[in-house]
Amino acid sequence: MSVSESVEVTGHLMDSGILSRILDDIREYDGDYVIDQFDVGHEASDTSRAAITVSAEDDESLQRLLMRLQTKGVNQVDPGEASVSVADLDGVFPDGFYSTTNLATRVRIGGKWLTVDNPEMDCGLVVDGERVYTLPMSDVKVGMQVVTGASGIKVTVPVVERGGDSFGFMESDVSSEKPQAVLVRQVADGMREAKAAGKKVLWVGGPGVVHTGAAPAMVAMVDAGFVDVLFAGNALATHDIESSLYGTSLGVDLAHGRGVEHGHEHHIRALNTIRKQGSIKAAVDNGVLTGGIMHALVKHEKRFVLVGSVRDDGPLPDVHTDVIVGQRAMRAELTDVGFCLMVATMLHSVATGNILPASIPLVCVDINPATVTKLADRGSSQAKGIVTDVGLFLEQLAHELVPAYRR
Amino acid sequence: MSVSESVEVTGHLMDSGILSRILDDIREYDGDYVIDQFDVGHEASDTSRAAITVSAEDDESLQRLLMRLQTKGVNQVDPGEASVSVADLDGVFPDGFYSTTNLATRVRIGGKWLTVDNPEMDCGLVVDGERVYTLPMSDVKVGMQVVTGASGIKVTVPVVERGGDSFGFMESDVSSEKPQAVLVRQVADGMREAKAAGKKVLWVGGPGVVHTGAAPAMVAMVDAGFVDVLFAGNALATHDIESSLYGTSLGVDLAHGRGVEHGHEHHIRALNTIRKQGSIKAAVDNGVLTGGIMHALVKHEKRFVLVGSVRDDGPLPDVHTDVIVGQRAMRAELTDVGFCLMVATMLHSVATGNILPASIPLVCVDINPATVTKLADRGSSQAKGIVTDVGLFLEQLAHELVPAYRR
Amino acid sequence: MSVSESVEVTGHLMDSGILSRILDDIREYDGDYVIDQFDVGHEASDTSRAAITVSAEDDESLQRLLMRLQTKGVNQVDPGEASVSVADLDGVFPDGFYSTTNLATRVRIGGKWLTVDNPEMDCGLVVDGERVYTLPMSDVKVGMQVVTGASGIKVTVPVVERGGDSFGFMESDVSSEKPQAVLVRQVADGMREAKAAGKKVLWVGGPGVVHTGAAPAMVAMVDAGFVDVLFAGNALATHDIESSLYGTSLGVDLAHGRGVEHGHEHHIRALNTIRKQGSIKAAVDNGVLTGGIMHALVKHEKRFVLVGSVRDDGPLPDVHTDVIVGQRAMRAELTDVGFCLMVATMLHSVATGNILPASIPLVCVDINPATVTKLADRGSSQAKGIVTDVGLFLEQLAHELVPAYRR
Amino acid sequence: MSVSESVEVTGHLMDSGILSRILDDIREYDGDYVIDQFDVGHEASDTSRAAITVSAEDDESLQRLLMRLQTKGVNQVDPGEASVSVADLDGVFPDGFYSTTNLATRVRIGGKWLTVDNPEMDCGLVVDGERVYTLPMSDVKVGMQVVTGASGIKVTVPVVERGGDSFGFMESDVSSEKPQAVLVRQVADGMREAKAAGKKVLWVGGPGVVHTGAAPAMVAMVDAGFVDVLFAGNALATHDIESSLYGTSLGVDLAHGRGVEHGHEHHIRALNTIRKQGSIKAAVDNGVLTGGIMHALVKHEKRFVLVGSVRDDGPLPDVHTDVIVGQRAMRAELTDVGFCLMVATMLHSVATGNILPASIPLVCVDINPATVTKLADRGSSQAKGIVTDVGLFLEQLAHELVPAYRR
């Protein structure tokens, strides 16, 4: 191990298990370490601080290990100045580019610590005078100044308060055996707090919202102002519209709870109907679409971003068929989001997790434990998971949030 | 194919898919068939009748095929008289014994059609003068007269009304994407109908009832008279009692929704406490146990049968540690049951499905689709499955059934 | 019910359960029926024929019901001539357009029965002189002649041979409890038969192929000529390339079987490396990419279509970021496909199922039963499902197909 | 917090996450703590030692917290002498009894440290002169001396070597996305090591072993000496026997891979056949049973313990119908077990996990992630989980262990 660097990390290191994950990372990257100092919090409420010397085989390996450790909030003791290289190809970062985390980040350029705009993971950092911002790989242009290596960068992990935290419920593993009614109340509290602070509530939803019969509950929450932005795919919107136009949803007769095997004909005809109108808004304005979730969003002038996928029929005219364009449209809606609820979709939940800063509270609800697990594995470690029935969950959530919704 | 027999079946043969399953069975048993006559219902509401000649290699194969077909309601056109053999070993049926279905069954003995007491699948039929009853293999005694072969036996499939049927919701496959609120209402209706008809409501439950925080909802339904009998294992009762004594349940702090990894110490101490009292009832009478599901059952003098399993700690003094004795105790409670709800347990659901007549409406609720599927695969074809969160489901069911439970 | 039509259907109506599904459809569309004639196959090997009069409230409902029934192979007794309307908007079908099935289809125009090119479900039928072809909604242009209503159209269901069929293994429900070794052999047989007939084998894969350590097995099958075309997303290709470049795959150290939590840094750097080369082929040609699945496909000049999704990082330069463009690229590869294997991806499996004719044998392998179920629910009823571990399955399949692969 | 105690713990405290779990436990039991000293291992290979003062509201709470912490290997710095009380009821421990862990345990009685026989969790400790042994609650008799409180007790956590450990593969979470072939090799290595050390290999199996077609592979491993003891229920043995007698297994025709819906008649008849013989061994000796897993075990004079459950038909004459008697029979087979493999059964896996000392390597294989998770949640923290297809896994394992088994 020929090269090394002194790093430090502060926080509830032991009781959050973070230190063991840091040491795991070092091993995984074939590095080594010596713990130089460990100031342990004596009382349960104190924070700890560890100073560690990490070493690696060569400088490139070391730089990459340091980037990796930053995803856990580990900073260099003496970070120095950031290095910058110029991009010489569109859509390609310079070699050794700094790969971002979703944590609050500062960069030292010319002796000054600059705060990075819109933290997002797996991006590069572009320096433009005294501004530094994250940029996805596909958007980089020739001539941009891009940070390389791990020097001159500091990240800050959001502080999670023990006990007083509304979202402390998922400190342990994902499980379907949790007292669900308590969780419903905690999600409602999170939304109310965000609204009280003047923030937006972002929903990310899959077609299961419609299939499980939860559309009326969601409409009630749109009406009551608890849905500011919706990220979804073609499926949620189409099934919602199909349900409004024909009273069915890809195989479920909602009034009688009986399943239809396929129902593709309703589905494809609903798509054609909206395409003929030119947009969902036009369909609402022309009186063609008179109910459901998309209608409620249009009526209240709420935002929605629909991004397509390879399995889409149609799609609806509002759907971004280019996924990179769709990602940009999603990023543009993140300003002032103060709470995010993901319901019944793995694809759009992971996509949203990729672009959300770690500072935004995030709850993921799905009947499939794998969805929540996958979200956490991708790095959205702030995600809280609830494994439950989406239909009953949204029904209960509407009961909590909208007094008038109770029967 | 040297031997054959004429059989017939009547019902909504085509629209229920039953005929295709009958023909599948014949193939699976290496038999062959000719359809002699097929009187199709012209109108959608008419029933059909098929007359089929089935053939097999030898008489033993044919008899076994005929028994198999009876599970689908297929009877011999000319059933003749039942054959009877005498058991010559305790706990062993004579060779070629008739293996029962859970359908209403009649047996012709001495020219008379006798109705079988308590239909139950996978049993033998014992003839005692003019009485014929099902008996499990382990209970047969030397000298008993046991029906052999498939002759002289007629079964009747319960008629499922289309449209008007409260439990029509699961005609299609098991799925988590169903409008759950409608299903809650349908289960509530089924229970109310049973009670209105003077019948008992049987619950079968696993510890998930307690873990998901649904105990208060279930207590409300016990108080309101919607739980007449409970079948469960050591786990549900112990976790319920642990929760009452210590406010925890194998790893879940119900008040805060936080998980405890194990909590075995509470668990084992709760068991010791009740064992010291001698029984759950004694613990209630002595003021040791003052809340929870088991307390409510004792208070209202409702019945419960707890049967042990190999993974049990303790167990509670009320638990039948011999599973065959436990099965007998369960059978003894089936009289007048008019509705059965199974919640969050595969083991006890399958056990109960094994002994329930097909005529009793049966709903199985679990977050795991495999539980419902396995129940149906074992032959409880009358089972309706709901894949949902148990905690929210019982919460909603209590809202439906117990007006005072609503907040 | 003011309007009606005589329809007929031929096949193993009873033993395949198809008739009961047809009658279900009629009820679901609020139609009614009278069975006019039912010629039952007397012997087990005979086919049956049913003549049914279906009725609906008005002509529009009737036409839609008739389209629906065609997905089951039901044709009008007297189909008459097809009606045609002209599209007056780009990307929008005329009202009442005929929504296609994935069955072999003929259309009567001017008294002549024309065979439809490339059957695909959920499309429209465009008439161009004596040619009729399927066209997805998004590709329709002003002025095209589009078939409307259900008249003048006949479909043919592929004949599934009982017993002799290699793919008879999944006649019953999706289940993880199947003798898996037999299934491996059957899939191998299906591929060999397709190759022997001069047909192509299409693979559809998700990143689980790489995560489960099956890349070497798949490379062996590419080398041996059993992979002609691959449909996948950015993830499979990126993880395969990341694995070749760095020996890891999104959190799995393949040599030691230990999990890495995230590993995003390897992932994003692999993407940048290939983007810098300009294409996967360029990376192979320049000696940058020297192993793995994508390398093997390039080396053997096999085809692959990568279509993006909203959660993609990068993406790789070869990825179609516009999903509609991607769908077109997939359609262009379907000629001469004689067998399709889908492995570890719900998204791309459903997408491929949407565009494949029903006549192509199709097997879907996933550890998650929901993937297979969802595929069947979407109408790909020819799909055979195997619920098993993808890594071990591909390992065993390579043992079957490639003698040299055995250790 | 009026009472407190000084405790200590030694090991890879940080990189195993154990310290954070200890502090979680203290909070869960409403205790508090001060970390008095923390000697951190400087190099990656060093162990750490923490000295902590824990406090609780009263002595009873403190004693229970100390017992809880012992499950994590935390001992009192000054443990003093053990307290002992006399049981005054059969089957009931004295109040405040010490609840055991599955760790190696010593007890100080009369100034001497005595080593506890057969560590097992959730038991009491009985003192008999200079012998101390674990005893389950149901076996305690009036007059026995039982340890109470947490004083005078020390536990030792098994040392897990990093890197060199064969079973290091599941340090991260349960997942189906693992390179399975590596895992197969590691399990084979574990079995070979146990056999080389003169230890027994214990298998715990469910009926899925038979359903997935893995019986021939398991027979090969019995023949080759890799199965010394089998713990199972009535189902595995019955389906194995049914398969030998009739070539079927509860709905699966193994030769053709086609599913049978139910097949109960084969099942019940197989049970009757063996009951008539009196035992499985008698059936083998009399030439009635000539193949399958149970036959192989009898032939090689290997041990098996079958314990019944409430859902059993029959059961087989060898089945313990009393579960407490069955647990005792299982305990009696644990001597010299050096490796344990659990396959396709949650019930018997948890039951075995309850009675196994923590020192025995334990691998659990199931296609359902919940089985592995539940095992770990119950306290069998030494359990390594593999989420994969049981049939293909056992096939591959037989390939590894039995050269002659390869085709």
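Just so it is clear, A, B, C and D label the chains in written order, and each chain counts residues from 1 on its own.
In this section, a contact is a pair of C-beta atoms (placed from the backbone, for glycine too) under 8 Å apart; a residue touches a chain by one contact, two chains touch by 3 or more.
Because the structure is predicted, anything quoted here is derived from the model rather than measured.
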Contact-pair overlap exceeding half with A-C, pair selected from B-D, B-C or A-B: B-D
Remotest chain, chain B as reference, centres from CA atoms: A
Rounded Å distance between chain C and chain D, as computed from the means of their C-alpha atoms: 44
Chain A and chain D, separation of their C-alpha mean positions in angstrom: 39
Distance from the mean Cα position of chain D to that of chain B, given in whole angstrom: 31
Residue numbers of chain A (touch at least two other chains): 21, 24, 171, 173, 175, 251, 258, 260-261, 370
Footprint of chain B on chain A - complex, ascending: 168-169, 171-173, 175-184, 186, 208, 211-213, 251-252, 254-261, 367, 387-389, 391-393, 395-396, 406
Residue ranges of chain D in contact with chain A within the complex: 14-17, 19-21, 23-24, 26-27, 32-36, 38, 40-44, 171, 173, 175, 369-370, 373
Contact footprint of chain C on chain A as seen in their complex: 21, 24-25, 28, 64, 67-68, 71, 89, 91-93, 97, 99, 121-122, 136-138, 233, 251, 253, 258, 260-265, 267-269, 271-272, 275-276, 307-315, 317, 321-327, 330, 347-348, 350-351, 354, 368, 370, 377-379
